[in-house]
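Heads up, the next two complexes both have subunit A, just with different partners, subunit B and then subunit C.
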Partner chain A sequence: MRATRRDMLLAMGAGMGTLALPQILRAQAAAHVAVVGGGFGGATAARYLRRLNPDLRITLVEPQEQFVTCPFSNLYLGRLRDWDSITHGFDGLRAAGIEVIHARAEDVDGSARSLGLSNGARLDWDRLVLSPGIDFRWGDLAGYDEAAAELAPHAWKAGPQTQLLRRQLEAMEDGGTFVMVVPQGAFRCPPGPYERASMVAHYFKTHKPRSRVLILDSQDRFAKQPLFRQGWQALYGEMIEWVGQSDDGLVVEVDASTRTALTAFGTRHKADVLNVIPPQKAGLIAERAGVTDETGWVPVRADRFESVHVPGVYVLGDATIAAPMPKSGFCANAQAKVAAAAITADLAGREPPPASFANTCYSLVGPGWGISVAGVYRAEGGKVVEVAGSGGVSPLEAGPEFRQAEADHGAGWYASICADIWGTA
Partner chain B sequence: MIRLLSIVFLAGGPGAAGAQDLDAAAVQVLAGPCASCHGPDGRSPGAIPSIAGLPEATAAERMLAFRDGADPAATIMPRLMKGYDEAQIRALAHWFAEIGS
Partner chain C sequence: MARPPRIWISNETPAPGEIVRVRAQMVHVMESGLRLDASGQTVPQDILTGFTASLGDSLLLEWTPEMAISQNPYIEFTFAARHSGRLRMVWTDRRGVVAQADRDVTVG
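After this line comes the complex of A and B, so read on.
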């Protein structure tokens, strides 16, 4: 017995199935799913819920009228992408029949099943999806708060911060030093800092060749390290210097006004452009919804991404504890599809289908030089586990054709996932 | 040797991990991450090939070759396909063939 797409649509009650299952459908038609966050996880969830059950009422709550993706924002810094190409609106989701409200979710009542918005409205929901991304632990790194970020940008949420960082790089004189501080604890996009260093080096190489990139890292190893180092050596020679934690890379204090970073061993690094990636936690609304634990992140049931604390509240993406899945846009998208299937099944009184996830993070080391890390995952005993033997990084010994192909595939991935999420390419 | 064993297992039915769960909803979930690269429903707007409407036999053959390391030109698919068993791969091939190009 083979499953076909048509069986699927029938089972879900779409199209012709509507005639076949009137009672169940009426119950489903009344159901309202509210989604908080129109980024990688939230917008995917809204779109896939709509596809799985066209009778659902779906409301997406997102304060920004335009979403700028963190993925490829490093390429914007490297001048390999323009701003418009990483900016996405919500018309595609509206056209799919999703109500989009541009407001901030302020509070969640898990027992009354309601949601308060910054515009004063209150929404009742049958199921709630939260995909708020990250917030920063301001003050955890001495000297670095919101005011400091206006002088030493983080650019770890794409938007005005990204543009500020690019302006600073453009204003910097040749021969200057770009210093990046990599935080302790879990942060979104493990390879992100090293891709950023690569893109800044590309900009320097093409515009300010006497300048340097210095990475001060709180870790002793990093994602795709041998691949990045190989690419850096080949493309940028000695331009990029990486200092790991044991070699005095841990930054304990920042003075944004003088653009200085102070390390644990007492070294002061004076930067011409200082980029501080702050320590992170789940987006604030997750805390307010009572779904976070003492780590500041959200524990979920791995087979459906529903909160272990508050039933009916599904949490996706960077906000969750999903290791070994990394905090990536790819993972948020994959988790959203699992959650959408689970919610649809649950509302119809069925068990959710078995969860299956994948991830691939492409990074661009330079034009025509792409590298990747991948994994396939499933849920087992309440936890996410990597399928044994799957995944891994690009081969270190691969030649230029392989690197070129992965650079092209990275761009292909971006076009596909944006079409999948916002209906834009 | 291991591969031979697993094929025997799959043919044998109940022992095959996941095989008994492959109803339409399960296959749709398996197919979820494919869209991130191959585009919505396997229709790609960019540099990664479309897979919507690929004949089932061709798709299955390609995916099994990726998994078994038999396509030296491939980049990412070998690493991904090692995460799926043969029954899942065949179900995915069927799924995307059904969508039609």
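After this line comes the complex of A and C, so read on.
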């Protein structure tokens, strides 16, 4: 068995008698938790660990000095939000007593309990939290690699890609076609593609009304489908066309240089702006830490979000296998709070408190037209289960006041969760 | 029958031994028999139970769709084109043949 710092101190304490006890307690209380990823999961975990036990030493590792959220980045594409309003710094977390290091996490040693960083530093940790988000399976979709993404942006990690896509939309002539490719397999933010289509349609309606939106989908159904279709019809008429998998919507190859998408049954769609959302997997550091399985995602113990493969490593958010919870920022935030409570309890030698999670995904179909899906979840038999009778989607039969209220709730949700996580408005 | 199966074949005139890729999609409800309708009655099972692909007399592929297969089953497979012949795909349910699609493959 590996001698932990605690074992050593206990041994020393035993040798030195009871006088050493206060020292032992302080050493235990000053356990170090390293958190990788400054997004919805990681930044929440850092803040709540700090809040639950102010004596913990907490280090947050995040390469970017500012974090741009995927939630509400579609509104930036629709010109309903500016860039600054979806960009969050880390001063709030520093002010809360968290050490923030801007470097990339490069490797994890689960048995030595250390973390290697791109700046050459190595951090020893007592518990590790990974909230790495997603990475792309480059090459899974023929013709789509990192170079192709510079011509046909994915914009599925908010940042320069999102700005590139908006510039392309702005440069497009009226009468053009925006084509979006929706991937196979689990992907971040299930309603995201359809909100994006809505926001692009809003931009077209207000600036380029002869243009159209074409969604080529690998699925036959999508999140909040009846609500989206109702909103599209009401706000944009025939501007948005959705082609499901059964109608030859599955794209098997793209040519970024000609902005062409080729479907499984041989239809070529030529785009003026081509947005390819690629197939996805857990962020790379999860793979390097040995916590992913053959699916490329991370199985976790549902009651604490600790890896089933590597004890002491907790994984949050989009990287995890947490279905029926969707891959959403709200879920990552809820999972982070559960993990923070479990880690705090574990370090104190106690069982974690019962896990409970909630989620709401708001989508904006147009200005003043919001829709949502919500759910409440708990851990049962090692799995996440939805609480029967909880949540649901917005009613299909609702008037403009209801849609306006949900749009307002969405904006309110965004403001409050950003304040909760980064301490920003 | 709603609409004929959708078929795509990578090359109908392949070189000898060339790997040919086939994609086929059949419109079908694939009702599992486990769902209840609004009045609480079980919705009767209605699923495809068989799919075969053959080239002339050679059986290429046999597949038994089960009740967990989703609506509008989509299948993709490859074969080595060793001889010319009619590529025939047949979908069946418990009552017999539901749909059939043919493509001529000429190995040159």
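The criterion applied here is as follows: the second predicted complex is superposed on the first by the 398 of 425 C-alpha atoms of A that agree within 3 Å, B and C clash if a C-alpha of one lies under 4 Å from a C-alpha of the other, contacts with A are read in each partner's own complex, and residues count from 1 in each chain.
Note that a contact is a pair of C-beta atoms (placed from the backbone, for glycine too) under 8 Å apart; a residue touches a chain by one contact, two chains touch by 3 or more.
Values in this document were obtained by computation on a predicted structure and should not be read as measured data.
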(message) After the alignment on subunit A, I want to confirm one thing: do subunit B and subunit C clash, or do they fit together?
(response) fit
(request) Scan A:Pro354 for contacts with subunit B and subunit C and give back first, second, both or neither. (result) first
(message) Taking the superposition on A as described, I'd like to know which of subunit B and subunit C A:Gln245 touches: first, second, both or neither.
(response) second
(message) Looking at A:Trp297, would you say it contacts subunit B, subunit C, both, or neither? Reply first, second, both or neither.
(response) neither
(request) Look at A:Tyr314 in the shared chain and tell me whether it touches subunit B only, subunit C only, both, or neither; answer first, second, both or neither. (result) neither
(request) Classify the contacts of A:Asp220 with the two partner chains as first (subunit B alone), second (subunit C alone), both, or neither. (result) second
(message) Contact-wise, after the overlay, does A:Gly266 reach subunit B, subunit C, both or neither (first, second, both, neither)?
(response) second
(request) Between subunit B and subunit C, point out the one touching more subunit A residues. (result) B
(message) What does the superposition give for the shortest Cα distance from subunit B to subunit C, in Å?
(response) 19
(message) Taking the touch rule as given, give the residues of subunit C at its contact with subunit A in the complex, in rising order.
(response) 6-8, 23, 25, 27, 70-72, 74, 76
(request) Enumerate the contact residues on subunit A facing subunit C in the complex. (result) 220, 245-246, 248, 250, 264-266
(request) Enumerate the contact residues on subunit A facing subunit B in the complex. (result) 2-8, 11, 48, 330, 333-334, 337-338, 341, 345, 353-360, 372, 374-377, 387, 389-392, 394, 402, 405-406, 408-409, 411-417, 419-420, 425
(message) Touching residues of subunit B toward subunit A in the complex: what are they?
(response) 18, 21-30, 32-33, 35-40, 44-48, 75-76, 79-80, 82-84, 91, 94-95, 98-99
